[in-house]
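Listed after this line are the structures, all set down as structure tokens.
The same chain A turns up in both complexes below, where it pairs with chain B and then with chain C.
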Partner chain A sequence: MSVTPKIKVRKLKHSLLNKEDRNLLLFILIPVVIYIFGVQGINFLWAAILSLTSETTIRGIGDFIGFKNYINLFKDSIYQETMLFTLIYVIGTIIPKLLLGLLMALTLNKPLKGQNIYRSLLFLPWALPTFTSALTWRWMFSDIGGVVNYLLMKVGFIDYPIGWLGTITLARISVITVNIWRGVPFFGITILAALQSISNNLYEAAEIDGATEWKSFWYITLPSIKSVVILVSIVSAIWTIGDFSLIWLMTRGGPINATHVFSTYSYIEAFHNLNIGKGIAINLSIVPFLIVFITLSMRYIFSSEN
Partner chain B sequence: MLKNRKIYIWYLILAFYLIVALFPVYWMLLTSFKSFREVYLPIPSFFPKSFEWINYINIFTKYGFGEALKNSILVSLIVATISTFVSFLSAYSITRLRFPLRKQISYGMIITYLIPSTILFIPMYIIVSKVGIGDNIWRLIAIYPTIVIPYAVWVMISYFQTLQIDMEEAARVDGATRWQIIWKIVFPVTLPIIASTFIFCFTLCWSEYIYALVMINTKSQHTLVLALSNIVVADIIPWGPLMAGAAISALPVMMIYLFASKYIIGGLSLGSVKG
Partner chain C sequence: MKKHMMILIILVIIVFLAVTSIGVAEQGLTVWMKKGFVEEQNTMFVEKVNEFAKEKGITVNVNMIAYEDFFPKWAAAIQSGDVPDVTYLGYEEVAQFQGRGILEDLTDTISVIENKSGDFFEKSLIPITFKDKIMAIPFWGEGMVMYYRKDYLEQAGIATYPKNWEEFREFTKKMTNASKGIYGAGIGYGANNSDAEWLSRALIWSFGGSIFDETGTKIVFNSPETIKAVEYVKSIFNEDKSTPPTAMGWDDGGNNTSYLSGQAAIVFNVGSILKAIRAEDPELLKVTGIAPIPGGPAGSFTMGIINTLAIFKESKNKDLARELLVYLLDPEWYAEWIKASAPLAIPVLKELENEAVWEDEYNKPFIDTMKQFVFSGYKGPVQPASGEIANLRLLNNLFARVILKNVPVEDAVKEFTIEAEKILNK
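Take a look at the complex of A and B:
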């Protein structure tokens, strides 16, 4: 903090509005706010209303049937499968991404030569457009000519090429793998930033006290990055729940609806089966979960601000 | 010293990560340069037997990639430019000016950012077609800012909160107008953040899929994502041209990487980690 002279200078932190400032607000901020919140707000309302109808198509609204769409969802076996896989998808990707991201951050935090180049290179999977990665991996997983099968056979893990996207379990594993491949750099880089903000003094003090490397990791490193790790995991979970491109481009939600997430199932219902009410209901049914996740992340965003 | 030997383990781990991260990228580029026959060799070649440009030619002539490329560039550039500009000024207003509902607006921005855009694609589609925008890329240009601006505003708000206000105060004492303060003092300092936000916004628009899928039905208005996924319809997928298309789609990111990777990574850290 700089030493302020005794003369009273009016604090600019929250300046009173003059005409110029008012114009700035009026012509930029307010239109933006109206646009963003207005569009989203109308969307939600309109979606909520439409989800209470049946036989709605783009041409016109159908009959008002109350919450029937939602009630029917619980009996819908594909919906149940979607919920199940979304759960598997989120948990099956977050945990590996966290562990691998942590390891990556720890590695990049070591005094290795050529740090910056490695960081940029390792970040590439996250930076590439999702559809590029999805298509590339689809090719790699292909049962004809795909390199994954070739490498696994060469190493002796499998005896003949397997259809990675053709069976329920394998398709799920494939999709999860690509999600992890894409997502690890995001965790890695964010955790790295948190690691680098830990003061060295803590480690030196621990070393003087005779702590082993493992002990200082457990008692200094982990607690210091806890809030960042939780925040990143929650945000990643939200994105994973809302994922569309990766699933659609690799499996279209198949085989036999095994890899559907909410967005893909709702897309098929609304645009292939032309049941808009049901499609929207599928999407809105996850709003309660979203509220929980978003509230949690808000808490962690603002706690780490202190 | 024990420390010296231990460091090799970390180099080993690093090598493993590098191989896993880069191999698919390499495979994509490799495939794009192979001839049709070589792509389907029973034993895949890890280096092209013959370097062919045929896939890159075909993707434009046989699969109409050129228009999709043009569409994607237009949409992403326009949306990223407008959004970054508008978000910069909005975030500045929220952090520096005092007015009612300030906090609520910034909370609202974060919440809007966190809500996945894939939740609202159906009503958005209905609204857009009712409003009367034709079946073209302008639908996307009108809609993408709702996805992109909340993120940009949030990142810049975080940045402005850590930006020292001293220089602005000094300029105000010297009699500068708000406009001058913004453009002559704040803007140059914020440039790296603006750059990384622009890059992120551009990438978001570039790879956005579900809105484009739902809102654009005329083939000539398709973006890159749609053009590529259309190739993947038949049973025998033309992987060569497809990989060429994927490589071209990855080009903007690759180029940005060559010149400014620290901006991408820097922007990411700012948006997620505070302090």
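Take a look at the complex of A and C:
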């Protein structure tokens, strides 16, 4: 039973592709393969080799030290703190982005006057360059002339300006807030596209059967958009794990390493402290986790589809 | 025909990729210079280098780079071997890099310059001389001073600026009015903040503490004097609350912004603030005073900052690079460049000490700091370890841990000592 479908697929492939088409396929694939292996693959391999060398080198290949850089990472308190904050950062941003994005999509899916304008405006945070967003928010959070402190003082919530980027907890909350603000539109637009592909017949049938709005949402809407939601969450999680610009521009990973994610800590170690091996090891240390995460997620998605 | 056409197209793509990936070797010089706060000093420098290139009939590529952006560029250049011919280096970087044997010995070039342009200040050569070899050319110095708001002192009923750290603490507490957004002590400890790193050293030294002993072979940071200095700073932040709310997240521009906006009553910085006040806020200049950094039980110190130009051993145009360095220290042009940059840049050539620009009441404290210059290896000589400790911002981390995480001062000092010893013993 399990063998036959594969053979059928193979036969189908052969019948679709003639010699010219196969050549065209190769013609298109070869440059891509050259790029992936030649540019990215070699760089990845070189980086992996450097991560196995001594941390004091600043040129060429230093002494081979095996996995010492990786082992030492787990004893490094800043690395531990970076791991913890990255986890907080990912979970603390994905869930709100998902909920707010879903809300945004459900709202924009309704027939509204000026719908297109709302969509454009709501999409703006994601469309703005990270540089612009980060510096604008940094100004907004500033204790000198920052609008957040101004408004809070105006309504009487605080008596004097707060250092939003100056203490550990507040700095973490601030960067998480900005990440959510930037990321909600991506969730919103993607989920909206999924919502719009759901057939209205399903809702009409449910209405005829006496289903409430909530039941329609729970039994029709959510299952229909489940795959898209999972996929967009995975993509966003990967982007968030690799975030650099937002953190660097707002806090440089401070105060006192409290808002470091892997990329910013790696940057500091490799380029400021000239510990190239350690810097690369920091970034490569999350690759196994990412591979497992992506594999399990994809497997879940495809099994759900089946 | 179709098959041959496809093969031809593939070959063309491969050849194109190969050719465009090969860098065409540039003729002439590549110069990396620190982008100064003053636009005129940057423009003058680029023009001077271009003049040199024209006279020599060569091409030159001058990159003006923000200090913070230098580190990844140096790392990449050193790793790849594709180094600039002439590069800016702070003296800590000179110490670090010469320790790894990648800088050219410029002792001879110093002699050539001194024959042509007069002697260098001895203090400008001390931090870049290792075993009698001078590993860079000093180009300008920077002195840290205390800026204070005369009007805030007056409003608080204080007659004059603080001359020692006890007065500093007392006065800044009196001047702080958080509801008006005014804070007496404009001190911050953000990641990579070099102002904080230099001020902390000057403060610890004035309390009698130091990182190194006189020989530079031992870390003596863990001492009652150091602990007292750290506790003093902690109390300004956590007890007195005399510092601005975001001070722990400040970069090098943080104290500038704080003073220029009227938030901080006293800050410590080099000449950048004065330059900005003169250009943008003449009213603020009228209420600004400039004085030396307060002293402590062991005296008053200024962490010396010597900015240099150096040549990597792997430079492909070393002779031309040396000629450029001599050219840049042409006394007439250099005097004009210093005048345009003052007081942010202090001259390294002795004969410029008495130029009219330094007679100005606001500029004079800056050139006076040269006499108090002490360098990162104090109480010993500058060395690779002192440069590395400074560049790793270990002191910033120490204060941040003590202030933000409430790590006991003794523990934080012990941890610093252990880290410093690891670096010294590398």
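Just so it is clear, the second predicted complex is superposed on the first by the 260 of 306 C-alpha atoms of A that agree within 3 Å, B and C clash if a C-alpha of one lies under 4 Å from a C-alpha of the other, contacts with A are read in each partner's own complex, and residues count from 1 in each chain.
We take it that a residue touches a chain if its C-beta (ideal position, glycine included) is under 8 Å from a C-beta of that chain, and two chains touch if they have at least 3 such contacts.
Quick caveat, the model's predicted, so the values are computed rather than measured.
Contacts of A:Thr251 after superposition on the shared chain: chain C is touched, whereas chain B is not.
In the superposition on chain A, contact of A:Ser285 is made with neither chain B nor chain C. Once the two complexes are laid over each other on the shared chain, residue contacts for A:Ser233 go to neither chain B nor chain C. Of the two partner chains, both chain B and chain C are touched by A:Ser142.
If you count the residues of chain A touched by chain B and by chain C, you find the higher number for B.
Residue contacts after overlaying the shared chain place A:Phe271 against chain B and chain C alike. Within the superposed three-chain model, A:Glu20 lies in touch with chain B and with chain C [touch as defined at top].
Of the two partner chains, neither chain B nor chain C is touched by A:Thr221. By the touch criterion stated above, A:Ile34 is placed in contact with chain C alone, chain B being left untouched. When the two structures are aligned on the shared chain, A:Asn179 is found in touch with neither chain B nor chain C. In the superposition on chain A, the residues of chain A contacting both chain B and chain C are 20, 24, 58, 142, 144-145, 267, 270-271, 276. Taken together, the chain A residues at the contact with chain C in this complex read 20, 23-24, 27, 30-31, 34, 56, 58-60, 142-145, 159-168, 171, 251-257, 267-268, 270-274, 276.
Those residues of chain C whose C-beta lies close enough to touch chain A in the complex are 2-3, 6, 9-10, 13-14, 17, 71-72, 74-76, 78-79, 81, 96, 100, 102, 178-179, 181, 189-192, 244-249, 251, 257-258, 261, 263, 391-392, 397, 400-401, 404-405, 426.
Against chain B, in their complex, chain A makes its touches with residues 2, 9, 11-18, 20-21, 24-25, 28-29, 32-33, 35-37, 39-40, 42-44, 46-47, 50, 58, 103-104, 107-108, 110-112, 116, 118-125, 127-133, 135-140, 142, 144-145, 147, 150, 181, 185-186, 189-190, 193-194, 197, 228, 231-232, 235, 238-239, 241-245, 248-249, 262-263, 266-267, 270-271, 276, 279-280, 283-284, 286-287, 290, 293-294, 297-298, 301, 304-305.
Those residues of chain B whose C-beta lies close enough to touch chain A in the complex are 7, 10-11, 13-14, 17-18, 20-22, 24-25, 27-28, 31, 39-41, 43-44, 86-87, 89-90, 93-94, 96-99, 105, 107-112, 114-124, 126-127, 129, 145-146, 149-150, 153, 165-166, 168-169, 172-173, 177-179, 203, 206-207, 209-210, 213-214, 224-225, 228-229, 232, 237, 239, 242-243, 246-247, 249-250, 253, 257, 261-262, 264-265, 268-269, 272-275.
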